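Below, chain A partners chain B and then partners chain C, in two separate complexes.
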Partner chain A sequence: MDFLRPASWEEALAAKAEHPTAVPIAGGTDVMVEINFDHRRPEYLLDLNRIDELTEWEVGQESVRLGASVPYSAIMENLRTELPGLALASHTVASPQIRNRGGVGGNLGTASPAGDAHPALLAAGAEVEAESVRGTRLIPIDAFYTGVKRNALEPDELIRAVHIKKADGPQQYSKVGTRNAMVIAVCAFGLALHPETRTVRTGIGSAAPTPVRAKEAEAFLNAALDEGGFWESGKIITPAIAKQFAALASGACNPIDDVRGTAKYRRHAVGIMARRTLGWTWEQYRGAGRTLEGAA
Partner chain B sequence: MRVNFTVNGRPQEADDVWEGESLLYVLRERMGLPGSKNACEQGECGSCTVRLDGVPVCSCLVAAGQVEGREVVTVEGLADYAKHREDAHPGGGCASGACGTTLDAAKRWQSKPTDGQAGEAAELSPIQQAFIDAGAVQCGFCTPGLLVAADELLENTPSPSDQDIREALSGNLCRCTGYEKILDAVRLAAARQEEAVQS
Partner chain C sequence: MTTHPEATTQPKATAPVKAQTVPAGTPTKITQGSPTKGGIGESTLRPDGTLKVTGEFAYSSDMWHEDMLWGQTLRSTVAHAEIVSIDTSEALATSGVYAVMTYDDLPAEMKNYGLEIQDTPVLAHGKVRHHGEPVAIVAADHPETARRAAAKIKIEYRELPLITDEASATAPDAVLVHEGRDDHHIGHVPHPNIVHRQPIIRGDADEAAKRADVIVTGEYVFGMQDQAFLGPESGLAVPSEDGGVELYVATQWLHSDLGQIAPVLGLPEDKVRMTLSGVGGAFGGREDISMQIHACLLALRTGKPVKIVYNRFESFFGHVHRHPAKLHYEHGATKDGKLTHMKCRIVLDGGAYASASPAVVGNASSLSVGPYKIEDVDIEAVALYTNNPPCGAMRGFGAVQACFAYEAQMDKLAAKLDMDPVEFRQLNAMEQGTLLPTGQPCDSPAPVAELLRRVKSRPLPPEQQWLAAGSEGTSIDVRALPGGLSNTTHGEGVVRGIGYAVGLKNVGFSEGFDDYSTARVRMEVINGEAVATVHTAMAEVGQGGVTVHAQIARTELGVNQVTIHPADTRVGSAGSTSASRQTYVTGGAVKNSCEAVREKVLELGRTKFGTYHPAWATAELLLEGGKVVTDGGEVLADVADVLEDEAIDIELEWRHRPTEAFDLRTGQGNGHVQYSFAAHRAVVEVDTELGLVKVIELACAQDVGKALNPLSVLGQIQGGTLQGMGVAVMEEIIVDPKTAKVRNPSFTDYLLPTILDTPTIPVDVLELADEHAPYGLRGIGEAPTLSSTPAVLAAIRNATGLELNRTPVRPEHLTGT
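So, the complex of A and B:
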């Protein structure tokens, strides 16, 4: 094994071009587990810790450009207003020690269906900034997850940042696990209201081979809210609409039975989380101020 | 591969480090610092918690090569680290111990290494003393990680709520105590710290 220690982003891109099999390591919270347990013996480890700009973020007009290695603890602390859904999701990641090291770039690189950031990114709307010596491209988050632990990155590409739409309305995140800390999601659900476009977006975690949006549920809800004039009136969403939304969210799952839960349970739980997060965000939208309800 | 970094205020060099080796392994097996415990090796238990440039991390998940040029504080250096904080920042704290201290204080910090093995006769940090006084140590395996995590909590949150304490220690597993005595110990250390600031 070789340990590559680029001192700059340009050096890192050059190293990845020269050694496409190199495994990037930033927080190490996924990669080191695999090495410690002898599950993986990469030819090259590409350390990204010395590249400072990866831990920086810029708040723009429309979106936040979040460096790939910004730790979850920094997202929780600094970006709660701009990225409330991701901040809530970050708070559910493992433990303080892990949140101090891990970041969204690693979550995307690993692309586990159970990664905590994914539902929040899907719901908010995001693009992954991938770069190689050949150039930079922005990959829409919907096109990024291509299979179980697979993503749209080319072998010579590294994740520089993720561009996440700034919240224009309430966002919520919900995760099912056996306890609050140190838990891989049995399943998770993110929901964002976008009052500017009068749309609702969702993200489902750990209930399909990849993180997915509940697109049919979104389409149904968007139409129902529009037809009923809910965005203007701010009235309570009728239980029938919430119920149908939950059922469609449940239907968007394609889960498996595993040690953490059964497929049936996951479908059921996703429906419940969809209904709850819709209720929480809608209450926030109506100004009832139940701000952090549902925060794990 | 060779790795140079600072451990408990002293520059250290490790040779023939395997590229996939963890910081925890280097500390325990190459530097004779067995205080950080090796339990789960997957970041679940917090027994290997150390400060890396002031930030609590699981040392089992940090690749040795990633600590090149950086500062690590382990439980063996906790008493000195707390002493430095008390001297240089009464009532507060600095993140890394690499702050703008007086030359005198810096010398004292660098030149007083603890024994490194078992810390015999070494002074205890307030959080260590509180763990003893509150009966928070049973088998002791989780204790070093808890001490490092709890010390960092008290540095940044001098009057923690119970919720703060539970959250700060949520990454550290203890299979003996049921945590109650550990929570007592942190409350005790916080209370003593407040008294010291007020007096």
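So, the complex of A and C:
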């Protein structure tokens, strides 16, 4: 195994062009586990740790350009206002030590359905900035996940950053694990209210071959909120609407039975999380929400 | 009602005085004795504590030797198969590989090992019986080379039918896991796929059942728990010039290992010299051999030091687990709440090899009644041979599984009788003098009702602790809610539940086992100060023996400086660090050897100085603060003057009261040494919609007889409590019933409680002396592991109203999904 250590982003792109099978490594929280378990033995490892700009972020007018290697702990500490859903998701990632090393770029590169960041990115709305020696392109998050642990990157591309829409309303994130911390997701749910466009977006983790949005649930809820004048009145969402939204979110799952949980439980839990996160965000939107301690 | 039973050897506190140098031969210059610090009853700190917390402690996996090789084990990928062929040629041809060994390369006639039954092949012989069984070993100059070479060994398997449960084990046409058994249990088991069977019959359960106004039955399932010690199996074998081998290893019982290692190496025991190296936890999982023999074989074959370190994945295959169990119970009671009878049948899955299964059966059956008075019982426990992972010793050892079931039964009975579950238990609680189902009387305090009273009378933790009032209104602390940081509820669906349980555990090895320990104690004068050295083969696995031995030596010999010699096989056996026995048995051995050394010192003193003071002949004499003193506190001499250049060095074996085997048909017999009792109250919050649990508080009350080191006692009780909670809500090795393969051999999917899962654990310690035990102490390490699990289950049942007959409880069970 060759260990490539580019000193700059340009060198990294050149190395990736020369060795398209090279596996990029930043925090190593996914890659090293795979190597230690001998699940993969890449010909080349491409170490991105010397490239400082990958750990930087810029808060723009519309969105945050989050460097691929910005650690989860930095997101929790610095971007709670702009990216509340992702900050909550970040706090559920592994342990403090791993949150200091791992970043969203790795989650996207691995593209595991169990990656903690995905539901929050789907709900907020995001684009992945992929770059190669051929140029830069922005891949909409909805088109990024192409299969189990597969994504839309070309072999010569690296993830430079992810552009995440700044929150224009409340966002929430819930994850079920069978432990109260440091646990891989049995399933997860992200929800973001977008009062500017009067829409709601969602993201489901670990309950389908890829991270997915609950699109039917979103469409139903958007229509129901619109028809009922909820955005203007800020009145409480009726239980019937919440229930239907939860049922549709459940229906968006295509889960499996595995050692971590049953398919039936995952569908059930996603429905519960959908109803609860909708309730919490809507309460916040109405100005009645409670703050969270201990979370991000 | 805390009592302090015995303090005869504890020096009385006297005002400290400046040390004086008294010339030899002038003992009439009387000085006052100074108290010895750090004796028994004090919370002296562990010598290894800071090192472990700061990451500087040297564990067995940290050892290094110049020129050493790395050993690697190749394990079976299937659970039950004939080995058609093994081709090691490619592995042997790999550059950097020094040796590849299979069954055919074993040097001695003896090719098996085992704790009680030598049924475990060092390397598979023609057949593998479980997933992950060692088939070949490789030594290479780099661990990665060894691993890759092992992967090049080609094994052709012809799969055999799987035995995975009682039905498949005892079916008329069942394949035998072990053919041609000739062990001493085969004569009394109903089927060769049953390792051991122990019935216990007392009174007439059928007749007594007629007096019952209510009868409850239940089927219970206990999942396979792993010891999950943090330091994986590891050791270093160094060949020596005399053709023997030095083995440095993390284990629980050096001499038991030695007795199994030497025969398969074809060496006399004195040519296998073992030294304990840094142990990272054990909990029963190091009682069996893991890498010891493999490392020695490779070292002797290559003539080079060989180190083997398992990674976490391999560790899940490298040691036995807690027996999963199916338990059927029937209890009856009169309408005024008196238990009439109990019938139970306990089926333990021992997996492919016997390990400690026979003794686990003995414990499960003899402790199946729990700490209750029931005169009419009909009990049967069996352990199966199957193709599942081998199971053996783990903290609680058979008593854990039974406690889970009988405590569920107590709650069912109380509910049926409309009685308070604690009062119902208290009404039936055993006491000192109660006869156990084996006919053995409990001849030391058994404060079962009192322990329950103590946990019940404790104030409950406040409700809704997740709500925190702040300047901006109420905020929510998700860490206090089920789901914790995963932010799954802000109080929705959360219901509190409270549950109680109490348990009964034996201490020490039972059933007539010669459960002795050996201690060598040396006393001498170094730089004018009398000092002591304690040398035992006790494995320090975290239980605190190294602290307690020094405390005992200080108390008995009145010295301040005690050196704990590294544990090795140059001294006699200390027995196993298990069965809550080490403080009792090796502590007892250290006390006994110290007493013998003290007698020698006093004898010497009498010879030298006896004529100077009449008290030498007439008074009870003690050693205290480096001096010989009378029980009245008068100083007769400096120990340094008594000893001068002479060192007193005594090695003695020490035994507790003998026990008897259980009768094979009736289970009668005085089989146990001592009992240990703990009670718990669990307070949980359950998210009833998502099926997630947060244990808020696990209060424990335990009788410890005498707390030799109160801080260590607290640590043991809290640790045992948490290990019991783990198997209530998350810890389980999942074996696929279709393939008998382990599905979750990693800490990603075998979950252990984190600090955020750890409840508050208030501990109430009773000290009711057992007059038969050294200092009145009681073995304490296991009892809290028993009652913790059923208390948590009872609390979850209380919150949800669900029956929950299996542990661990998973979200699917709480949500019906």
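The rule is short, and it goes like this: the second predicted complex is superposed on the first by the 292 of 296 C-alpha atoms of A that agree within 3 Å, B and C clash if a C-alpha of one lies under 4 Å from a C-alpha of the other, contacts with A are read in each partner's own complex, and residues count from 1 in each chain.
We take it that contacts are C-beta pairs under 8 Å (C-beta built on N, C-alpha and C of every residue); 3 or more make two chains touch, one makes a residue touch a chain.
Computed from a predicted model, the values in this text were never measured in an experiment.
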| item | value |
| --- | --- |
| Touching partner for A:182 - first (chain B), second (chain C), both, neither | both |
| Touched partner set for A:264, first chain B, second chain C, both or neither | second |
| Contacts of A:137 with chain B and chain C, given as first, second, both or neither | neither |
| Touching partner for A:27 - first (chain B), second (chain C), both, neither | first |
| Partner chain in contact with A:98 - chain B first, chain C second, else both or neither | first |
| Chain B versus chain C as contact partner of A:37, first or second or both or neither | both |
| Touched chain A residues, chain B compared with chain C | C |
| Doubly contacted residues of chain A, that is, touched by chain B and again by chain C | 36-37, 180-182 |
| Residues of chain A defined as touching chain C within the complex | 36-38, 88, 91-92, 172-184, 186, 259-262, 264-265, 267-269, 272-273, 276, 279-280, 290-295 |
| Footprint of chain A on chain B - complex, ascending | 1, 18-20, 22, 41-44, 46, 49, 55-58, 60-63, 65-66, 68, 149, 167-168, 170-173 |
| Of chain C, residues touching chain A in the complex | 147, 311, 313, 468, 470, 472-480, 482-490, 492-493, 689-692, 694, 729-730, 734, 743-744, 746, 748-749, 751, 753-757, 810-812, 815, 817 |
| Chain A residues touching chain B - in the complex, by the definition given at the top | 1-3, 5, 25, 27-29, 31-33, 35-37, 41, 45, 47, 49, 94-98, 100-101, 180-182 |
